[in-house]
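Each of the next two complexes has subunit A plus one other chain: subunit B in the first, subunit C in the second.
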Partner chain A sequence: MATEFPLPRVLTYPASAPPSLIAQGAEGRLYKTTHLHADRPCALKYRPPKPYRHPILDARLTKARIAAEAKVLDRCYREGVPVPVVYALDAAAGWLMIEWIEGIPVRQGINEWLGERPEDDAPPAEDLDETPIVDLMKRIGQAVGSLHRTGVIHGDLTTSNMMLRPRPQGSEPEADAKKKAVAGDVILIDFGLATQSSSDEDRAVDLYVLERAFASTHPRAERLFSHVLEAYKHSFKKAHSVLIKLEDVRMRGRKRSMLG
Partner chain B sequence: MSLETLEIDHIPSSHRIHAALFHDVSNTDFLHAQLLARNPDFDYTFLDASSVISRLHVLSAIYRAVTTQLEGSLTTATPHSEVVLSLSPNNNIADAYRRWGITPGKTKDIIVIKIVSGTEVPTPEDIWAHLTGAIKGTPAPLSDEEIAKATDWPKVRKYYSLNAVPALASVKDEEVRRREMERLAIMKMALRGL
Partner chain C sequence: MANDTATTGKKKRRIALGCEGSANKLGIGVIAHDVETGAATVLSNVRHTFVSPPGTGFLPKDTARHHRAFFVRVAKQALSDAGVRIADIDCICYTRGPGMGGPLTSVAVAARTLALLWGKELVGVNHCVGHIEMGRAITGAENPVVLYVSGGNTQVIAYAEQRYRIFGEALDIAVGNCLDRFARAFEISNDPAPGYNIEQLAKQGRVLVELPYAVKGMDCSFSGILTRAEELAAQVKRGQKGPEGELLTPADLCFSLQETVFAMLVEITERAMAHVGASQVLIVGGVGSNIRLQDMMGAMAAERGGSVYATDERFCIDNGIMIAHAGLLAYETGFRTPLEESTCTQRFRTDEVFVKWRK
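Coming up: the complex of A and B.
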């Protein structure tokens, strides 16, 4: 597939390993490549020029979006929010090089955990220890809480936009495969739609998007979502009022009513 | 010969990048004067190693300078001066030279970078012969260990505003802390100009 797209110019020069196309979205493409040398894997996010837009407007939008994403990542990383660090960028050329996060998406981790469970959403058998998955839910709540505390709204929270990065070898006792699937640090990724805001409304909508995405991606784990919100509630001071707002948002949906 | 030819990913083969480190340099004033006079024989980047964290830190600056040159958007006169600017978190060129360039009477350890491209082809031997003739100091390879001997951390923390960063508050291990500061500094450099 990679050959269907011309590489961005920045990737046409020699490197220790050829870049590979990882994902392709409406706005841009994600490559895996290296920063400076082979032992620094990185993700390169490239926003190609849009032929249907006026060139001057297109250049301005691309530049502004790359810049916005880089600034949000910088702010989050400095505040201790678990996000990838920025390695390099060229806003005018439309690319952003960030740290490569090892591991699997949270979505995959949850699905591997649920793997052998019965189809329905019935409470698990008595002997099933749910601690590892509940613990993951709490780590998700804390990660989103720290993001919101920093004044950043992700804009597209899903379990695909969170990575589970394995902790260094030997730091934890050996776990079985299932426990391993939900172990690791939660890292938030893809800040292409992120904005800066500290309002209860924006934070509640961010949580609502995650709640809905979670319910449709993991219908069998829906009841576990309450642990996300519980951990979120204790992660920063204003979280409590965000959760009250979330009740309103659930009643009306993501978009505010334009009536009245 | 302590001069190294650096291999940096995503830099075209038309560019050759050489680097070395000199400890205890005694003729900084002479080198500084050559830069001010724009002596074409001294088309090098001279960095004050006390403001530098590591090899990775230098490589990041070189990478930015070369990519900027390839895009045709150099802010300074040459890729050599662009390396100095690339180390700075802001666009003030004079400020970048004061902090990362060499200062007579102050700079003791110097990192030298030579970027060669296009038709001019001095060999590493030519460059090394010229450098050892011009710089009165003790040559050393550009390794993390050698750079670490020179790094002035309070200065680096000030230049990259690393003194009150929440992300560093919980890091106790000094080695881990330094790697974190290196990451934050490289990010600051990448975000310059946004």
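Coming up: the complex of A and C.
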């Protein structure tokens, strides 16, 4: 991707490798560069100043958001939740440097597994061994469970905000391309909307967001989502009551009856 | 005005009368659509606003009484401004909701009366869809992300597959309600609108006071901000200094409130635009006539290579013409509201309407 935006100052220092712009969202920009060593790739999240906001308000929000994201990531990392490690940050300058996660988004892995399967969530062929994809669903459930156990709410759980990091070579027997697509460790990324909370309600809403995103991104795999919730249920002590709350959240939906 | 059917025997245009009264504005307007091109012409747009004394809001029963008292006067004015005969009118459109129950009912009853009296068909209109369609017609914005901001509603909307879908909204009170109620703390005049007077005062504001900033994804919340702003207003009135020992004026608080809530609105709009890949943004609703909000939105849209579309108070603030316009669009697709179903409702979501007139 061409970098037509002015670079944040940290990326103009000779110590870092030439950055490449990976993604441009409403919130900020994601660059790939290196941290300290040329062979240590990292992601740099940069929140540029917003010209429409009052400069004082803008500085306050940018600083608070970078600091909050770093704090949440650090907490997750220390508690063993699979997230990228924080390498460095300058909250006032609006950037956060984190571990580069190799691999593909879970969304892509699932789609590769589903391949050219017929539409409409048809039952799989008799001979199809679903173990690898079911196993992935379980790893997703465990990852989200460990996040919630830590007291963190992601705020934007989708299969695009999870990476599948390949395990070191030789640790697993050679698999075919399809099995390979859904193999690897699930790493949760993009904590830009994360908050700290241990309430059943917040956790249930987090799961509901994932459920809705999953259904709209992978309509053909919707029935597999139950394995995510099943693994979640066994991932921490209070998970059971979260799943009961999820029922309420589903009934309520996102719809709020509108008062004029 | 000449009889539309006299020369050719075939109608060249359709005409609708729209009645709006979901809040404190009673509006009646007459619109014409060219039968062939669909081009809309505003024939008249009359409004009478119920203004409550400073420090108070408008109560449903008083507002309903106002609408009942002024309906005939406003309707007559709208008809004479338009220069159309009753025979030329194709349908009577009225606001079905959402809004305040009492005022909505008053106007629905009046619209029903006109329909029976003149033998016209009724079309019930969703107030929010009225705003969106009028904004599109006036600005020419083709397929924008819509920010609908008023005293009762705060929504970020994008069109997809024959529905106006709500991407983000206020989780508690509407942004306009937050501004209106803040105005009461300083007894800022409600004439012509509290928001307008806050906007003028804010121009003299210099100090940006820290207020809560509550954005959750594409949703936002205003009640906490209002509480804090009211607390600060009480301190200013007592002559106390601000949280950082600074001397604050009512203008500073108006300025800070606007800067904070508008930044939130622009942020959620930007997120929706990034989500659907849009570069146009249309602002509708009473708060949309605020120039500072339009400027901030413009700065955001420009950065995304797009532009902002907005209208002035004639079309931003509740009016009858938008109800006539949206109603006539539905009427042209065959939509009718039978008399026995011509009710109104306080709760009527924007995404409940099947938008048959768009592809």
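Here is the rule we go by: the second predicted complex is superposed on the first by the 247 of 260 C-alpha atoms of A that agree within 3 Å, B and C clash if a C-alpha of one lies under 4 Å from a C-alpha of the other, contacts with A are read in each partner's own complex, and residues count from 1 in each chain.
Convention: a residue touches a chain if its C-beta (ideal position, glycine included) is under 8 Å from a C-beta of that chain, and two chains touch if they have at least 3 such contacts.
These numbers were taken from a predicted model, which means no experiment stands behind them.
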{"item": "First, second, both or neither for A:Met251, with subunit B first and subunit C second", "value": "neither"}
{"item": "Which of subunit B and subunit C A:Leu61 touches, first, second, both or neither", "value": "second"}
{"item": "Which partner reaches more residues of subunit A (counting touched residues only), subunit B or subunit C", "value": "B"}
{"item": "Touched partner set for A:Arg78, first subunit B, second subunit C, both or neither", "value": "first"}
{"item": "Contacts of A:Ala91 with subunit B and subunit C, given as first, second, both or neither", "value": "first"}
{"item": "Partner chain in contact with A:Ala177 - subunit B first, subunit C second, else both or neither", "value": "neither"}
{"item": "Touched partner set for A:Asp156, first subunit B, second subunit C, both or neither", "value": "second"}
{"item": "First (subunit B), second (subunit C), both or neither touched by A:Ala70", "value": "first"}
{"item": "Subunit C to subunit A touching residues, read off their complex", "value": "22-23, 97-100, 104, 127, 152-153, 169, 171, 208, 210, 213, 216-217, 259-260, 263, 266-267, 270-271, 273-275, 295-297, 299-300, 303, 346-350"}
{"item": "Interface residues, subunit A side, partner subunit B - complex", "value": "9-11, 13-16, 33-38, 40, 67, 70-71, 73-74, 77-80, 85-93, 97"}
{"item": "Touching residues on subunit B, where the partner in the complex is subunit A", "value": "7-13, 56, 59-60, 63-64, 67-68, 70-71, 73, 165-167, 169-170, 183-184, 186-188, 190-191, 194"}
{"item": "Residues on subunit A engaged by subunit C in the complex (per definition of touch)", "value": "25-27, 50-54, 56-57, 60-61, 155-156, 193, 255-260"}
